[in-house]
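Two complexes, one shared chain (chain A), two partners (chain B, chain C).
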Partner chain A sequence: MQDFLELAVSATASGCVYGLIALAYLLMIRPTGIINFAVGEWAMVAAFGGHLLLSRYEWLYWLGMATVVAFMLLVGWVTERVAVRPLVDKGAALLAPILALLGVLVITREIISVSFPPDPLPVPSAFGFGRLELGPVGGSYQSFFIIAVAALVFAGFWFFFEKTLWGKSFEAVSLNRRAAALMGINLSRVTALSFAGGAGVAGLGGLLVSPNVSAHYLMGVPLAIQGFTALVIGGVGRVEGALLGGLLLAFAEQFTARYAPIPSGYTQGVPLLLLMIFLLFRPTGLLKARA
Partner chain B sequence: MTKALFLVLSLFAGAAVAQGTIKIGVITDRVGVSKPYAEPATEGAVFGAAEVNRRGGVLGRKVELLIEDDQSRPDISAALARKLVDQGAVFIMSISLSPATQQQQTVTMEARTPQMTPMNSADYLTTQLNNPYFWQTGPLGSTQGATLLAHARSKNFKRVALITDNSDLGSAIAKAFKGALEKAGIQIVAEEVVARGATTATPQMQKIRAANPEAMFLAGVLTAENVLIFRAYKELGVKFPIHSSYNLSVPIYETVAKGLVNGITFVDAYDPEKPEVKAFEAAYRKATGKEPQNLHGYGYDGIMLITDAIRRAGSTDKEKIREAMQKTNYAGVMGAKGMKYRFPEGKRAGFDPNGMVVRVYEKDRQGRVLHVGQK
Partner chain C sequence: MNYLRWIGAFLLLAGLPFFLGSYYNDVYRKMLLWVTLALGYNFLFGIGGQVSFSHFAFYGVGAYSIVIFLIQLQLPLPLAILLGIALCVLVALAVAIPSTRLEGFYLALATLALAQLFVVVLNEGGAVTGGTGGLANYRLPEVFGMRIVGPWYTAVIVILLLITFFILLRLDRSWFGRACRAVRDNPEAAAAMGVDVARTKVIAFTLTSALAGVAGMVYAFVDNTVNPPIFGLENAFLILFMVIVGGAGRHAGAVIGAVLLFLLPFVLSPLVGHHHVLVFGLLVLGAILAAPKGLIGFYDSIRKNF
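Right after this comes the complex of A and B.
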């Protein structure tokens, strides 16, 4: 039983990270229809930011974290202005900004690759390395920290979309761009904010996971795949779907690795299997968008 | 008109200077998966070439390195080997991934151009292709496994766990470890894989903990995934000893896995007490102002072996260099005390099977040598 609960904490923490990356995708897909695979590289950039501010310059954790997230908001906003808006303004097909963002992915990785040493770099965790026991449930400090921060972020975004006028304007754009524009909603601003928000959330995910996986230039692609799988499982329609998809994916990964009577190497196929099953039988994901 | 004439004259002048150098091609990885290993090895090679030139060069000529980046991709590495041959390289040194090095052999064999790798560990590089122009001087994967096992044998383990990652090299080393362990009659009670890009190794370490092994053998070569394994090991409070592949000889673990590696033993080809190592480290520090590591030694030894062969050949004729290289008898930075690179009986893998050592992490630093060779 102790193993089970211990693993549940670990899987919940991983699921929250996947969920944050899925949320980053969702924030951009909903109002624009653009799938941005560079979210993994944004998470990587934030991890390197964490290394610089928290490890090399030893800033206070909260200050460093806030600075990195603020920087990522700026990165997302600039990306939208440089790689997306010019194409949208010229009436390019939806595929054009998606390809341009793949270019951003490669450029981002190469910049980091040549700017930092090749080895993984350490990023400190919020409360140091240690184990917290809450009754029968035990896990690392960082696992509990990830879960707490992700819960706050998801609650915040849920509130934003469900309870605020600004959030409703995002929903309106995602339902019908032309009608939303006719109602006076500024489409450019919504698009820019969705990219800024996406980069901020992806960056937060990267920063939270980096004390475990270290900051390294190849960390982005796996996170992008895991986040995308979580998004497909949960559905692109609702914020809580991203979290649900992330949790389901992480639990499937880790509980299969621990308990399934198959060789360890084969368990890596489980996420891809889930992805295929959902694409085939429930392409809209578990949670559908509200009508 | 004057400008055009000046340009033409400059080009001819440049060609004359370039003809005066001995060109050695280096195929490295600047952005791909081998970058963490290839970059310091390349720095060691550049330092080695500078040292050779400082001492007057080879055959009275300066050495010039032509460095290319294949990103560890076999599909482009052969084209780069061809480019280097066309540019007049008399020797090619390969320091990216083993499959890329293997692909380059298709060119060097046909172009009869000497090629060597100072650090690739795949056993197949000198056995799959009968290429008399290719040599491998890094320790083989099988040598690593045998050396680690020789050290572990003294502990009389009966039940051990094996963990690796899903990289090609990690899988290959795990296979070599498994073969060696089974041959020694040691039972493998758990065999786990941590996938590249995983965010935790808790499930794998729980399984290993449940199997209750006396020790764990680590064959993984991906630093980030190895750190995950150490975190899970520490977090779950398990106590069995860890014996690791040469990957832990990369000093980055001293910082990225601070507080997690103490007591772990690992295979290495570097003995800090060896006189050649002390001289190399002092010269490297003086010349670059940076701290050298074992990976620099691979590239340095590679250049020294190549220039030694050219010197003994007395010419830049590739056939003469090939003959001289095959007769190599050279003590370098890498390897245990007294080890010499040799290619006996026509073999082309030159690292002495008894030339590896087992070291231990102490106070977050790579510490003393505990064991030498396979006996």
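Right after this comes the complex of A and C.
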């Protein structure tokens, strides 16, 4: 039981990270239809930012975190300007920006691998290394920090989409771009904001997970796969779905790694397996979009 | 007359390595393998409109399976080849059937996960896959009492290339090729015309994956070693980039892209060392933004103007 609860805390923390990556996909898919594979790379960039500011220059954690997220917002905005908007303006097929973003993915990864040594680099956690016990439930400080931050972010985005006029305009664009434009919603601003927000959320996920996995230039692709699987499990329609999908995937992964008698590397097959099962039997995900 | 062309192409491509040294022969035949892969991928991506990252993984499935069936299990060559193809088809169907049911880019993500998993399986596979070191110290058994090495083996690769090209060309000009293009350009209209969209996608994916697997089988005896790093995601992206830069949907574009991006690192390495992938990324971004028809598009516009 102790073992189970310990695992549950760390799985919840990983699930929150997957959920954040899934949310990053969702923020961009909803208004534009574009699947941006570079979200994993964005998480990686933020992890390296964390290493640079927090480990090498030893900034205060809060200040470093805020700076990294602000920088990621800028990265997302610039990416949209350079690789997406020219194609959308030209009226190119949906595939074109997706492929352009794949180019961005490779360019991003190569810039990082040129700029930093190839070994995994340490990133400090928010409150150092230590254990927090809440009754029978115990876990590392970082696990609880991840859960708290993710809960805040998801609550914020839920409020944004459900309760504010701005959020409603995002929804309107995702339902019908043309009609939304006719209603006076600025399409290019919504698209730019969705990319900035996506990069910010993905970066936050990367920064939060990096103390556990270290900053490494190949960390992006697994996160991109896990985040997308979480999105398919939860359903692309709703913000809560991303979190639910992330949690489900993380629990499946960690319990397979802990209890299934297979080499631990094979747990990387869990996302693919879940992806196949959900696409076959429940392609809309667990939560349906509201009509 | 038509067959004379194919025979002429064979004699030209297969004759060339006899005049090359062993180093350039090696570069040449690897280039031919990339061209073979790019032609297959072009059918899937350029003509069929499907993004997949597993083309190179299937190349790896083919390479590993031929070594495992032929060398470790000591099966006869034709049976080993058939079993390797069957394995590729099974894996391809298992991934494609769920992923192509929906509109959208689910196949891209599923194949990305598959390619990632494939490398893990190779590394963790123990004695079967040789783990991180891969499999080595084997060679092609004698075929009809002949040992095929050096430029003669390059001739085998040329045969592979020409057969692959022949199959793809015939498919492209058949009912199936037109169905693929229709599905790419407008799935709803294709469905309205009586094309089974999902089935067309699954068949195109499975077929090109099997072709990649066969190319992998031939590759296994080029270096007489197969190991996990070769079949990583880097090369999966590279093959996509080759087709985009050369011109998606055109056989000539795939050939140009493959030759250019294969040879570019040799030219670039004195300038940028091992960071030629950065140049590839910039090339692709530039191609999509400025020249969506690829290099073959430039050729077309020049021909139109003169």
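Basically, the second predicted complex is superposed on the first by the 282 of 291 C-alpha atoms of A that agree within 3 Å, B and C clash if a C-alpha of one lies under 4 Å from a C-alpha of the other, contacts with A are read in each partner's own complex, and residues count from 1 in each chain.
What we mean here is this: a residue touches a chain if its C-beta (ideal position, glycine included) is under 8 Å from a C-beta of that chain, and two chains touch if they have at least 3 such contacts.
Nothing here was measured: the structure is a model prediction, and the numbers come from that model.
Peer 1: Does chain B (first) or chain C (second) touch A:Val221, or do both, or does neither?
Peer 2: both
Peer 1: Using the superposition on chain A described above, determine whether A:Pro124 touches chain B (first), chain C (second), both, or neither.
Peer 2: So A:Pro124 meets neither chain B nor chain C here.
Peer 1: Looking at A:Glu110 after the superposition, I want to know if it touches chain B, chain C, both of them or none. Which is it: first, second, both, neither?
Peer 2: both
Peer 1: Does chain B (first) or chain C (second) touch A:Gly265, or do both, or does neither?
Peer 2: In the superposition, A:Gly265 touches chain B and chain C alike.
Peer 1: May I ask you to decide whether A:Phe255 touches chain B, chain C, both, or neither, giving the answer as first, second, both or neither?
Peer 2: first
Peer 1: Once the structures are superposed on A, label A:Ala83 by its partner contacts, choosing first (chain B), second (chain C), both or neither.
Peer 2: Only chain C; A:Ala83 stays clear of chain B.
Peer 1: In the superposed arrangement, does A:Gly167 touch chain B (first), chain C (second), both or neither?
Peer 2: In the superposition, A:Gly167 contacts neither chain B nor chain C.
Peer 1: Output check: A:Leu275 vs chain B and chain C. Expected answer is one of first, second, both, neither. What do you get?
Peer 2: A:Leu275 contacts chain C only, not chain B.
Peer 1: Could you look at A:Leu102 and tell me whether it touches chain B, chain C, both or neither (first, second, both, neither)?
Peer 2: second
Peer 1: Which chain A residues are contacted by chain C in one complex and by chain B in the other?
Peer 2: On chain A, the residues that contact chain B in one structure and chain C in the other are 110, 113-114, 221-222, 225, 263, 265, 268.
Peer 1: Which residues, counting only chain C, touch chain A once they are in their complex?
Peer 2: 49, 51, 94-95, 97-99, 101-102, 104-106, 108-110, 112-114, 116-117, 120-121, 123-124, 233, 237, 240-241, 244, 275, 277-278, 280-282, 284-285, 288-289, 292
Peer 1: Under the stated contact criterion, what part of chain A meets chain B in this complex?
Peer 2: By the definition above, chain A touches chain B via 3, 6-7, 10, 13-14, 17, 110, 113-114, 117-122, 129, 131, 139-140, 209, 212-214, 216, 218-219, 221-223, 225-226, 250, 254-255, 257-258, 263-265, 267-268.
Peer 1: Which part of chain B faces chain A closely enough to touch in the complex?
Peer 2: Per the touch definition, chain B meets chain A at residues 30-31, 33, 35-36, 39, 166, 191-193, 195-200, 202-204, 206-207, 210, 223-224, 227-228, 231, 234-237, 250, 252, 255-256, 258-259.
Peer 1: Taking the complex as given, what residues does chain A use to touch chain C?
Peer 2: Chain A reaches chain C through residues 35, 37, 83, 86-87, 92, 95-96, 98-100, 102-107, 110-111, 113-114, 221-222, 224-225, 228-229, 232, 263, 265-266, 268-269, 271-272, 275-276, 279-280, 283.
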